[in-house]
Every structure is written in C-alpha cells, then in structure tokens.
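Order of writing sets the chain letters: A, B, C, D, E, F, G and H. Residues in each chain are counted from 1.
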Amino acid sequence: MDIISLHQLLTSVADGKTSVEDAATSLARLPFENIDYARIDHHRSLRKGFPEVIFGQGKTAEQIAGIMEKMRVQENVILVTRVDAEKAESVIARTPDVKYHPDARMLILKQGDIPIHGRGNILILSAGTSDIPVAREAQLTAEAMGNHVETIFDVGVAGIHRLLHYRKQIEEATVLIVVAGMEGALPSVVAGMVSRPVIAVPTSIGYGVSFGGLTALFAMLNSCSSNVAVVNIDNGFGAGYMAAMINRT
Amino acid sequence: MDIISLHQLLTSVADGKTSVEDAATSLARLPFENIDYARIDHHRSLRKGFPEVIFGQGKTAEQIAGIMEKMRVQENVILVTRVDAEKAESVIARTPDVKYHPDARMLILKQGDIPIHGRGNILILSAGTSDIPVAREAQLTAEAMGNHVETIFDVGVAGIHRLLHYRKQIEEATVLIVVAGMEGALPSVVAGMVSRPVIAVPTSIGYGVSFGGLTALFAMLNSCSSNVAVVNIDNGFGAGYMAAMINRT
Amino acid sequence: MDIISLHQLLTSVADGKTSVEDAATSLARLPFENIDYARIDHHRSLRKGFPEVIFGQGKTAEQIAGIMEKMRVQENVILVTRVDAEKAESVIARTPDVKYHPDARMLILKQGDIPIHGRGNILILSAGTSDIPVAREAQLTAEAMGNHVETIFDVGVAGIHRLLHYRKQIEEATVLIVVAGMEGALPSVVAGMVSRPVIAVPTSIGYGVSFGGLTALFAMLNSCSSNVAVVNIDNGFGAGYMAAMINRT
Amino acid sequence: MDIISLHQLLTSVADGKTSVEDAATSLARLPFENIDYARIDHHRSLRKGFPEVIFGQGKTAEQIAGIMEKMRVQENVILVTRVDAEKAESVIARTPDVKYHPDARMLILKQGDIPIHGRGNILILSAGTSDIPVAREAQLTAEAMGNHVETIFDVGVAGIHRLLHYRKQIEEATVLIVVAGMEGALPSVVAGMVSRPVIAVPTSIGYGVSFGGLTALFAMLNSCSSNVAVVNIDNGFGAGYMAAMINRT
Amino acid sequence: MDIISLHQLLTSVADGKTSVEDAATSLARLPFENIDYARIDHHRSLRKGFPEVIFGQGKTAEQIAGIMEKMRVQENVILVTRVDAEKAESVIARTPDVKYHPDARMLILKQGDIPIHGRGNILILSAGTSDIPVAREAQLTAEAMGNHVETIFDVGVAGIHRLLHYRKQIEEATVLIVVAGMEGALPSVVAGMVSRPVIAVPTSIGYGVSFGGLTALFAMLNSCSSNVAVVNIDNGFGAGYMAAMINRT
Amino acid sequence: MDIISLHQLLTSVADGKTSVEDAATSLARLPFENIDYARIDHHRSLRKGFPEVIFGQGKTAEQIAGIMEKMRVQENVILVTRVDAEKAESVIARTPDVKYHPDARMLILKQGDIPIHGRGNILILSAGTSDIPVAREAQLTAEAMGNHVETIFDVGVAGIHRLLHYRKQIEEATVLIVVAGMEGALPSVVAGMVSRPVIAVPTSIGYGVSFGGLTALFAMLNSCSSNVAVVNIDNGFGAGYMAAMINRT
Amino acid sequence: MDIISLHQLLTSVADGKTSVEDAATSLARLPFENIDYARIDHHRSLRKGFPEVIFGQGKTAEQIAGIMEKMRVQENVILVTRVDAEKAESVIARTPDVKYHPDARMLILKQGDIPIHGRGNILILSAGTSDIPVAREAQLTAEAMGNHVETIFDVGVAGIHRLLHYRKQIEEATVLIVVAGMEGALPSVVAGMVSRPVIAVPTSIGYGVSFGGLTALFAMLNSCSSNVAVVNIDNGFGAGYMAAMINRT
Amino acid sequence: MDIISLHQLLTSVADGKTSVEDAATSLARLPFENIDYARIDHHRSLRKGFPEVIFGQGKTAEQIAGIMEKMRVQENVILVTRVDAEKAESVIARTPDVKYHPDARMLILKQGDIPIHGRGNILILSAGTSDIPVAREAQLTAEAMGNHVETIFDVGVAGIHRLLHYRKQIEEATVLIVVAGMEGALPSVVAGMVSRPVIAVPTSIGYGVSFGGLTALFAMLNSCSSNVAVVNIDNGFGAGYMAAMINRT
C-alpha cells in the first residue's frame, strides 16, 4: 500500500466510488496470508525485492511444505535454510520439484531461470576446506538472487602466499564474502587488500576456545580493517543475501 | 493454617476441648504428604489457588505417575511439564486418563471441566512458526487455570505490517504473552502498543549467537518498553501461570 | 489515531469537508514532536496511560531539561531515571521545580496531585538494607503512577522468621515486588507464600560471583515458584511500572 | 615416610645397618604403584584416611578394572564415580563382586563391613525429586566412609512449610549437605536455621538460564548465610567426602 | 521459640494463665528488631552461636552505626565487613570504640575478651603476598569467633619446597583455609597432604584471564583433591566463619 | 606496485636500464614509512581509496601528532578516532589546524574540501537520544569520505509510529546505518522495511544485562531480517566507513 | 622463492635468457596445488620444516584421502588429526597404508623411517589417566617430527609425592609438555621444578565448572611459574608440534 | 639439595661426621627466607637459572622494597612487574638504585652487566603502536635474562606488505614474540612464515567485543599455524621469560 495507492483510494472515497466501510477495511488489510501456523508475507517480494526465505530450524516438514505451497503461487524461487537430510526427504515427498543441497543444508525450489541482476561479481573466499559448507550456502543464496558468484576455497593465513596468488581476482570483485573458522583472521587480511565491502562469516569449525565460532566472530568484529561487517556464525545465507543487496545497490 | 484457625485452635485449648498434646501436634503438622522421593504439597491449592505443577525433567515415569496418583485424590487438574514422548508413553501406561500434548511436551490430567476464572482475555503472540511449541505450553497452562486464551502466531518484526494488522485484538487483551527467539524484539514493539502487562518469553530458536535463547532473554530484559517482565528461556508454562495470576488479580 | 477517528476522518472526506490532501497528511502525521536530539512521544500518554519516562543515562543535562520543557506542557508528572547527583543539580538549575531523590537517583516533576488509580496495594520487599535504593526507585515509580505502596526492608532468607512475621501483610498485597541481590532467593520464598503475581528485581549488591547482579537475575528466572516474572538488574523503575500496570488491570 | 621413620632410617645408617645406597633409594622411593596408565597412590589411605577414589569419566572399563585389581589388595572399600550403565556392566564382567548404583552412577566394591567413624549424623536435604541422584552419590560416599547418614528429599523453598516441618531433625545434624538445582536457594535457608557447617551442592537440574547448574552454584557461593561452603556442580561425591572429613574432625 | 517453650505457652493457655490473645501475639512475635532500614536478627546469636555480621557494602555509615547501636546492647563482639577507609572513619566518628583493620577492611567492636571455643587449630595458608588481605579477613573472623589461628603466607606452588617445609604444621591443623589467586592451585596440593577439611578461598589477584578471581574459583571447585569446599571470591570472612563452625563441631 | 609497474620494471631490467640490484631493492621495497613506533601505510590511500585512520586509544598525544605530521604531506583528510578531550587538547597544542568533535570523540584534519563521491544518500537512524554520539562518529566518517549523509535520531521501537512516520525517507536511502543500544531491535524493523543494505551498530547504552552493548550486538546478529550486517559495539567509525564503501560500489 | 632465486631470476631476465612474460608468471606463481576444495601448500615443508598437517574435523573422508593422495608424492610423513573411528575406516578404505591411532584419533601415513632431529628429550606428563589420549596425540606428533619422547602419566598434584619421585627425569628433559584437565595445576608445579620451557595442554576432562577444559586453560595461562606457554584445549598435536620446534632450535 | 649432596650428607652420617639430628634438620631445611609477608625463594636462581621475579600488583611499596632488600644480597638483577608510577616512586624512595620503566610498568635493579646467554636473536613484533608497552615488557625481561632482542612495531595484517617487507629479519630469528590486540591475527601470519617457535601475547587494546584482550587470546589459541603457544593477556613479562628459556635451550 504505497502513497500513490493511498491517494487513489482516498480519491475514490471522495468520489463516492468506494464506501467508507470498504476503505477502512482496505486500509486495515495488509498483504499477508494466514495459514494458522504462519503469516506468509506476500508483500515482502514487493517491498524487499526477494520473497521471504523459510527458516527451516524448528519447523516440521508439514509446515515447510505448507508454506511453500502458498508461496509458489506467486514466487519464482523459494529458499529454505537449515534443513537436515531427513527433514528434506520428508519435504521432497510432499513437494517433489524442490531440490536439496546437502552440503549447504538448503532446499531450493526454482520455477524458472533466474536472470542476473547484480552489477559486478561477488567473490567468496574460505579459509579452510572445512568451511566450504557455509561458503556454499552463501553462494547458493547469492546465485538465487541473481548474481554472478566466484569462489576461492582453502586460502587461510597460515600460508599467506596462497592468498596473494589470487590478488588480482580479489581486487576485481565488487563485493567479497570471507568465510573462516578458528581464529577468523582471513577477513582482516583480505579487507586490507581491497577497497570494496567485505562481509565476514565466522564458522563453527574449530574446537576448545573456538567456542563454536564465537572466537572467529569476535575476531572479525575487531578487525583492524575497516571495510568489514559481520553476520552470525555459520550464516552463509545472510552473507549471500547482504552481498546481493550491496551488489544491487 | 490461617490466623482464624489459630484462634479457634487456641480457644479450643483454652476451653479444654483440645489437649495440649493434640494442639502441639496440630500446630507442628503441615499439610504435605511424604512418599519418600517427594513431599507433595497438598497445601498449595489452598495457598496459591492452583495445585503443584510437576516438573517432569529429571524424574522417572514411575515418580511422575506416583505423584499424580497421590494428587488426583484432591485435585481437579494436574499438569506435568517437560516430558518427552517416550517418558509420556510410560506414564500413560500407568495412568491411562492423562493426555499428552507432544508440541508442548505436557501431560494434563483433567477430572472435570475447568470453569473460566479470569476476568479478561490472555493473548499469546509468537514471532515465528518455530516458536509455536513454547506458545502452546503457555496456552495450555493458562487454559488449565481457567482463562480464555487467544493466539496470533508468526508476526515477527521483519514484516511489521503483519503485527499492525492485529492492532485492535492486541489492544483489547487484558494480559499479553509474547514469545520470540532470535533477537527477541517482538515484546518491545507489542508492549509499546498497549497499556497492559506483557510477559515476554524468550525461546531457544536460533543459532550462533542466539546462545540457545540467551540473546532473546537479554534483549527482552533490556526492553525500552517498560511494561515488560520476563520468564526463563522456553518457559511457556511460567508465562501462562503468571498471566493467569495477573488475569485473576 | 483510533478506529473511531479514522471513521470520522474518512466520513469527512466522503462528505467533502476534508480534502484528499489534508486527509493523506493527517493519516500520515503521527503525534510526536521533533526537537532534533529527541522525538518526544506525546502520543504515549494516550496509548499507554502514562507519559514517556526519560532514561537519564547517556543524556546531557541540557537534553534532559529540553525534553522536560516540551513534555510539561502536556503532562502532570514526569520521571527521569538514572541521574547522578551532579547531573541532577545541573538539570535543577534549568528546571527549578523538579525534585531529586538521591537514593533512587530519580528526578520527578509533579504539576499536581496524583490520584490513586490502582485497585489494591503494591508491596515491596527487599532482602537487605543495601537493596533499598532499588526498592525506592520502584516505590517512587509506582506512587507516581497512582498506587498505594507499602514496603518491608531487610527480610532476607538467612533469618526466615523475619519474613514469616509479615505473612499477613504479604498475603494481602495485590501485587508484590521483591528486590534482592547476592543469591536472589527471596522472590522464590515469597512467591511460594502467595497467589499473586510477583515481580522480582535483582540488584547488583554482592561481590565475586554475584557478577553485578547476574547471579540474582538468573536465580530469579529459575525460580521454582511459578508466579514470578523478572526485570533487568537494578531496574526498580521497570518493576514499579509493571506492578502499576498489573494493579490497574 | 613420617619424621619417626626418617630418624629410624638415619639411625640405621649411622649404625651401619643400612648402606648409604639403600638409604638413598629408600628416601627416594615413594609408595605408589606404576601400572603404566596409572600411578596408584597406595600411600593415600595412610595419609588421608581413605583410599584413592577412582574418577570413572574418560577411563576405559579395562583401566577401571585394572586399577581396582591393584587397589583391592590393600583396601577394604573402593569407590568409582561417574560410571554410566554400559561401562559399569563392562567393569562388572571383569570384577564380579563390585556393585553398581545406577542412580548415583557409582561402582562400589566392599570387602567387609564398614564401621561407623563419624561422631554425629550427616543430614542430606534435596530441594526436588530430580536432585535425588546427586544426593544419593553423597549418601553412598559418606556411608562408605563410615558415617550415619539421614536424608530428606523434595523440600524446596517454594513450599517453605515442608522444610520447617523438619526443623528439629535439621537442628540435630552435625553436618548438613544441601542439594539443589534451579535457583539454588535451599542452602541459604537451611544454613540460616542451624549453627553447623553446610556443604552446598548445586545440580544441573533446570533449563534455560540454569546453565547446567551454574546459576545454582553461583547463588550458593553468594549465600547470605555464612556457614556455607560449596562443591562443584553435581559433585555429590565431593560433598559426601567433605562432610565425612568434618564429621571425623 | 523452641518446642519446650511452645509446650509451656500452650500449658499456660490451657491453665488460663495466658489469654488467647496474648498467646496468639506471642506465637506471632519473632525476635528481631525493626529500625526501618533493617530488621536486626537478635535471634541469630541464640540460633547460630554467633551474632549477625554486618555486610558493609552498599550501606551508609549512618546505617552501619545505627545497626551496631542496637546490636551492642546484646552482643559481645560485632563484625562489619567490606568497609573502605573513608566509610570506616565516618563510622568511628559515631562509634568511637570500634576498631578498623585496613588490610582486611573490617570494623570490629569488642566489648570483652573472646574465650577460645574451637577444639583445634585453624591454619591459614596463602599462595602469595598479595593474597594476605583476604587471609587476614579470615583470620580476624575466626579469632573473633573464639579460635586459635595460625598463618603461613607466600607458599605458592611455583616453589613447592617452601610448602613442603611446613608439612608438619599443615598436618597438625584441625581445619585449613587456603587462600590463592591466579591459577588457584594451592588448595589441591595442600588438601592432598592432609586428612582434614580444607576451605579454599579464591582471590581476585591476577590479571587477564584470572577474571578477577573466577579462574581460581573454578580451579578450586575442580580440585582433584576431594576434601575441599569453596567460598566466594575474596570471601575471607566466609572462610573464617565456616572454619569456626567446623572447628566447633 | 601493480602489475603494470611490474612489467615496466622488468622491461627496464631487460633493457639494461635498471640494474639487477636496483630492481631487487625496488621489488622488495614497500610503500610505508618507519617512524619507530609506527609503520605509516602511505600505500593505503592508493589501495583502499582512503588513507589510514588513526586509532587513538592507547596512543600518546605525541604519537598521534607524529603520525599526523607524516601523513599530512600526502593526505587531504586525516581522521583520529577514540580520543578523549584531554588527549585531544594535547594533540591540538602540537597540530593547531586539527578540529576536535567531542561528542564523537574524533579529531579531524582537513586540508581542503571533500568532494561528494557516493552515488546515493546514507541514512543514519538512532534508537535513542543517548545513542547520538556513536551515530555522530558514523556521520563524520562517512562525510569525510565524500558522502551525503542524513540523520533521524530517537525513533526506537517502543513508539513504532515515530519510525513509520519517516517511511519515505527510509525507503529512499541507498545505504542505512542503524544505531541502537539496549535490546537492539531497531535494525530488524528498519531492515524489514527496505531492500537496501543495513549496517547495524550496537551501542553500550543500557545497564544490567545490556552487558555494555553485547546484548544489542547479539540481537543484531540474530536479526530475522536478512539485509543486516553488524560492526563492533560503539563502532560508529566502522559503520560509516563500510557504508561509504557500499555507497561507492 | 627465496632471495637467491630472485637474484638468479632477475639475472636471467637481464641476460635475456628469460623473457619478461615468463619472469612475471614465475614471480606470480606460488608453490601450492589447487584441487578445488583445497589449496595444498607444498611450499610448507620447505618453509616450515614439516609438511602441512591435515585438520580432519569438518572434512569428508573423500577430501582427506584426496589431499593425502596429492601430498604423498612429496612428503615422507603425513598426519591427520581429529578423525573419529568411522571416518578413519573410510579413509583407510581409500588409502590402505595409512595407520589409525584410535586413542589419539590420528591417521598417520609414513613412507619411510623418521630420523631423530631433536637435540634433547621431550618429556610428556599427564595429571590423570583420563588425560592420556591428549598426551598420546602430542607424543605421536613429536615422534613423527623426529624427536625422542618420554612419558609419565597420572602424576596429578593431589599426591605430590608421585611427581617428586620423577624429579630427576623431569629435570633432564629439554622441553616438557604437561597435560592436565580439571583445575590444571600440574604445569605450575612442574614448571617450578625446571629451567626449561613447559608447554601446557588443558584437557576437557572434568565436569561442572571445568567448562570442557576452559578452567584448566585459564589456570595454566595464570600460572605463577613463568616458563609456561599454553595451547588450545585438547590440542595435543599443537603441543607436540611446538615442542618439536623448540627442540630443534 | 641435589642427589650428589644427598650422598655426601648420608656418607657423612655413615662416617659419624654428621649427627643424626643435624642431618635430619639439614634434610628438612629448605633454602628460602621467611620475612613474614613473604617466603623468598633463594633456591630459585639455582633451580631455574633466574631469580624470583616480584609480581608488583597487590603488594605495597614497603613489601616490594623489603623483598628486594633481601634478594639483592644474592642476585645480580631483580625485576618487579606491574608497578604503577606512584608505587614505583615510593619504592625508589626506599631503594634509590632501582630504575623505573614507565611504559612497561617495570622496576629493574641491576647490580652489574648482564652477559648474553642466548644462542640466537629474539624478535618481538607488535601489530600496532598501542601494543608497544606490552612488547617493551617482553623486551626488558628477555634482555635482563641475557638475550639479544630486536623489535619491529606496527606491522598489523591490515597492510600485509609492511610485514612481508621484514620477511628476512623474521626468518632469521631464533624465537619470535608476536604482540597483538583486537583480532589477534598477526601471530598466525608470522608463524606461517617461519619454522621457529612463536610466543603469542594478546593485549587488551581494543573495545567492545575485544573483551579486554580475550578475543585476541582465543584467536591466538585457535591459530591455524601450529608453531604458536600463548601467554596471558598483556603478559609481556611471561613471553620474554619463555622466549629466554627457549633461546637458552
């Protein structure tokens, strides 16, 4: 309900074409759909340029499939995050055209090709091989939102020459996502090399005082490089989404 | 043993109707029942208006059934919280007329209808679909205590228009319970809309720095709205109980 | 802008008495006042039954006095919390009719008597003498909101007979506020004695693993008594506000 | 090797009855037995009045049985703590005369009756039914060390009359062990009633901000009663051991 | 009000010597004194063998002096803990016969000699010189409660021979208090040498991950020696009190 | 030293115009200046589009002035963050043309006008009046980097209508910075309204379980809106820098 | 690519033997191998004296085997850490000549004997039997790196005479690794006995406030002995590696 | 008292040259000096190759001077750490030949030149200018222990070329100390460049989630480079001491 529609509605009331009761109802009605266990925000696509993404954790397969059923009427692509293999199987039994990506633990339903919207390349770097699943979640998200995405995995700071080898590719990206666990040092080094925004993603890889990613998170928030902002631990999805937003700006 | 009974007892001693020994015993005796592994507080119903609620965690099915056996002699409704499906089945094998609510993980034994005591409506809102189990625990508790309860699920702050849509229903409630995980922002927004007490319930939904609900809890305790008080993480039961207390006031 | 006003406005548009432009402006306009460093929410008194309370921490004396200046045009009583003595003096120099309460660290501006709105008594208990300042903040807040408030200080659980002595007064209160530092055990014991809502307020009194009140807070959230809800550490104001809300219900 | 033995040894050297080499060896030799994966401290019984207790966590059944095999040559009673049912079964297969106590998760090998050494009674109280396993570990330990032990379970502070009912028994104990989870308030109340040392044991019973017993632990360390000292979470063994030490003093 | 007094009172009522009203009042009356900001627990001396100790933190000098004024009517010795030099001076101005111990930050008022009640010696060891103030608080407390106290300071584990030098004195103590900051290792080593109860006191001495004494506290709670119980950080008073309780047992 | 320069250098060596020794030196030499206590990164302006920003915390006024002295030869604008008033005065005594902004605690040295580089508007919102200093640091930084910046202060979620009032201005911004303390809910609500990247800045405003901004930080990282990335607590500078990077993209 | 090679390359360019293009490529090329999910750092052996060690956690068996396949072409010995039994079996199915050490959870592939490089003995002590797996990981690592390693297990501080028994062996070691869980006191005592570097390894053995090894870690970092440095919890590998580095110095 | 002396003593007893009493005394006597508030460990120099270092925190100037007085009889160099300027002045008034280093907050008393013992160079790197005081404490300690020390300050990872510039100097050091605050990334990068032991020192430089150095500490413990061991936050002294131990090995 934007300002233009508001004027039209009020003009229509002024002209007697719309009754006061109807206008009041219309002004009060908001574009979402109530299926008891969920209020599906159909307005989001309009408002935010991308439909609601289903957070799979804590939802039953029935609920996920039910929400997808309602959303697919209007949306070209639907993402579900944080779905384990068993639940995914159960969703696919109900919605066969959805595809499961086990490494990223995502379900993706595409009802057509996704055109490229982003103006430049999004580059995703990971510090280690073990960080790849989170990087993959970022990649799938950014691609689903219409971006060209490149990846460079396993270029942690303990062998700095591996990173420096990719200096050119790093400098040419429009937005960078840097995924790292353990001490989370990679974003600082990468951000120090470029004049582009860097989204840092801590991962839960590590043990002892890695605290399930907390140390990497705090290290990234303390980065001595200033062009770094951070998302939640293992939140590849959020990083991909944020990068897509920036790339569209 | 209220002050009137004390006077009556002492008068009875003064009148020689009650012996000193009996009075001493009576003054010392307290209304609970000892079944070795539990001291059942039969006095509670009288004192607090609702019988003791059995905390299921860490108790065996035998212990739960044993306590219910003693309580049902005196009580119309008995609640058991935090019971997983397997333990519930084992309790039901011993006490067949108890009903299990798997989403709320509660066992409820009703021996008759529960009259409505509360003066107004209790409204329960949840931020997401994944928060519903905790909301359900609050609902079942408040209903078992004789209240009319309404629910609105999945109205989180990322699509604020969904919440605003229910403004009238929100403003008409007597007490509100707001259930949210992740950043726990919903209680602040809801409390800002009403002049009623809001009980905020953080849930363990989330990952990374949600810390199993700790972030939502702390956010709610820091609410910039003043008509908010908070219960423990995932403590739907406590929220329902507290709301019932307020609604009865 | 309630639903009745909306109908009136739309009727007025339908009747041609209000132009479309004016109605759009009116619908968009919201009742707050912009003084650059603050958006004063004049609407709050209408919406929540009590005007905005000024959070003194982090504001300059100039800002506090400036906000009070705007608010006093409309409000009968204005509260400012978390003001140290030096800042209070500086505010009073600008607004001489405001009164400072050093123990509660509050500034209160009253422009008339405050009628009693609450239906019953609010009883405030403190575990120790050192907890009195926080209890006082709760007391001043609840009184400013039109409640009759009683207090019992220094009845901690280490000498349980002191608490039991006040059993009658405790049982007769409509809402209870229990203030405690250190191990924060008092709310559990008090709540076990009554069938009324208890607002627990942890204080920062203690040392070592009292963690500035965190232990008391967590103990209260873990209360084995169910009629307890909790506010932030040292948040006497919030407890008084919440109790007033409940007492008005 | 006490001071008398030292004199005897040196006298023996002075008298030429012991060679310098032998004396050096003897002075250097210390009374423990090396079985590669363990240095069994046979000296402990002499030094501390009770043999080494085997900490079962992180040891294999082979290692536990191996250590017991060596210890049983010298000791009348052997305790193993923190053994789950599966590992216990595997130990019993190797050492059939050991007895498993599943609630306390202890293995106990007795090779004779244990005489009562303690001068008074040790009284163990638990706040809830769910705390019984930890209380049982304390009980078994103190009994194995030759003490008379009494127990009162499920007398939490939410129904304070249950506790007051046992006032006489509480006042007559020589040492008290108080076991509680959740808010851990019981030790403060009990300690306030007696002039005896109270050992407080926090348990991991609870959820949310009980933090697996941390809140109860911190509450107990902050007790406003001064005759309280605390052991680790769920450390019934340590409490029983400490109480036995005090009761023997 | 013990069970004998209860019988006497009831007999007196039965005999008509005491009126029902008087008996009711008498049963309800509890032995504490209300001076508004404090409920002085005169009963404590009777119940616990030592009068209430005043916790100085968060109390004004007026409040401390006021409480002492009431207590001195009945008590031979009064302790006030956690009083800084400035506040102490202000109390002494009001109560000249009180003595301030700056290292222990205690005020002590003695109205006569304190006879020795304890059966054995209490030995206090400190790991470092910087831990002495906390050790001193324990010493003053235990002495005020009628115990013979010995001290050995600066025998930390980095030079284990210093500790072993005092082996005989250590073995002869009835109760031991071990005070240590930093890694808090001393209580484990000392407790391993004796068959007596050890009260461990963590201090806030250290920096970085000493966390103001938290690391020492946790280390002590994790002691591999079983005859160790722990009090709060820097709580020399509590350790002295607990040791006195044990020594009196 | 980019790839073109490398080719030129090597060509020059191939042509004999540059000696091997000189080339080796040149390849090894990197563009920073060593003034003992600092290695000034003159290369940064070239590499990152903005000169090194001086982190004032922990540096002496002498060091700050010394670094500025070297930088001003090459740079048009120099920022120093986290400088308190006293240190600022001492720096200004050495470098009179630097300007101090006390609310943002920044020193800024401008040697000319700063042209606007950013393509759109950066909008900074703050939840409360007390958050303004951090917002101001973001504003000064983004402006110094050549952006047009707008601000809306004190639009916290407790009076959501104030925020909705600015919906149009919010929707038109290219990048948004949202500054909030306490429960940190504002970024989620704002991000839910727009399809632009939102940089969330937690502030240390609050008390108790605000943990100096930690709760706000964690709430923001848990945002249920996906177009949010976060910087360190009170890091207005970093937010302004990151927003400038995005706005330049 | 060391400084000598650089000179040779540049001389070759100067002499016309190497084209500019080839030199540029050569300077840019760095010695690692890209197998998509990993950048294998073949340069490490040269640079650090030991090949890259594979961190098994979070990697699939396919990835581990794939990396080994590439490394074995060049390396004599390959270590894989943090591999559970199931994954190990799956790797061995692909790479039959690798050997699994279940206690240390390591896979080791040796393609020849490992000569002794270290100058002295590395001595590994463990406080308890339960700490042996971590000690074993340290042992296997140090041996694989060419050191002579000795071990003494189960010499915790609760029976200090066991430790003192090995004083000579302890004093003769060149580097010491001390492994301990619970209160982590052993490194302080051992370090106090020697003039050699001590690497302290906290283990996750313990419960309650052992916090999975955190307490031991912090205790070790707070050691009152100065010749102690610490590695991550359960990081036997890191300790072995560091000790090997020191022993080679 | 080494094994040779023991033999000599026992031989002397066997020969009748030493009486049994004298030998017993001699065996029991240990080489430390008792000055009431301290047990000075004169044995340490012999045992550990360097005298006891005085930890200044929590000690009075009198105590520090008193300990120095006793130590200077035997020792060539005495270090006191963690002394603020005011306390230093007070110590110097008592011991005029001691020198204060304000940046490192150390007092050093030298009674002669210190010969170089170390075999190679110790190199100290700091990430930022603000980390220099901690680096200086390491430097002064290592130099006092007879080492040649080099320093490179302000080479943080945000401008990686500055670090790479010093590659040769870094590779030539025997032991490296790397000092960093904020995200603590520098040790990982440096350790990845060398085959030498690296001692990492976290500093408390930073704000927000730097947690006073905790984030840097945890990052360093999680280093993906294996030749890193860590000391406590701001513990430059410990790093210098440990490096000296390694350099002497």
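Methods note: a contact is a pair of C-beta atoms (placed from the backbone, for glycine too) under 8 Å apart; a residue touches a chain by one contact, two chains touch by 3 or more.
Keep in mind that this is a model prediction, so the values were computed, not measured.
Listed here as common contacts of chain E and chain G: D, H. Between E-G and the choices B-F, D-G or F-H, the pair with more than half the same contact pairs by residue number is B-F. Residue numbering shows that chain F and chain H use the same positions for less than half of their mutual interface. With B-E and C-F as the two chain pairs, more C-beta contacts join C-F. The distance from the centre of chain D to the centre of chain E, each centre being the mean of the chain's C-alpha atoms, comes to 25 Å. We define each chain's centre as the mean of its Cα atoms; on that basis chain E and chain F are separated by 53 Å. Taking each chain's centre as the mean of its C-alpha atoms, chain A lies 38 Å from chain G.
Distance from the chain C centre to the chain G centre is 58 Å, each centre being the mean of its Cα atoms. In chain D, the residues touching two or more other chains are 3, 55, 128, 158-159, 164, 192-193, 206, 208-210, 214, 217, 221-222, 224, 232, 235. Chains that are in contact with each other form these pairs: A-B, A-C, A-F, A-G, A-H, B-C, B-D, B-E, B-F, C-D, C-E, C-F, D-E, D-G, D-H, E-G, E-H, F-G, F-H, G-H. Residues of chain D touching chain H in their complex: 3, 6-7, 10-11, 13-14, 16, 20, 23-24, 27. Remark: chain F residues 3, 47-50, 53, 55, 120, 168, 174-175, 192-197, 199, 217, 221-222, 224, 226-232, 235, 237-239, 241-242, 245-249 touch chain A in the complex.
Those residues of chain C lying in contact with chain E across their complex are 128-132, 153-155, 158-159, 161-162, 164-165, 181, 205-210. Residues 28-32, 36-39, 41, 43-44, 52, 55, 57-59, 63, 67, 82, 202, 204, 212-214, 217, 232-235 of chain G touch chain A in their complex. Those residues of chain F that touch chain B in the shared complex are 127-128, 156-160, 164, 182-185, 188-189, 191-193, 206, 208-211, 214-225.
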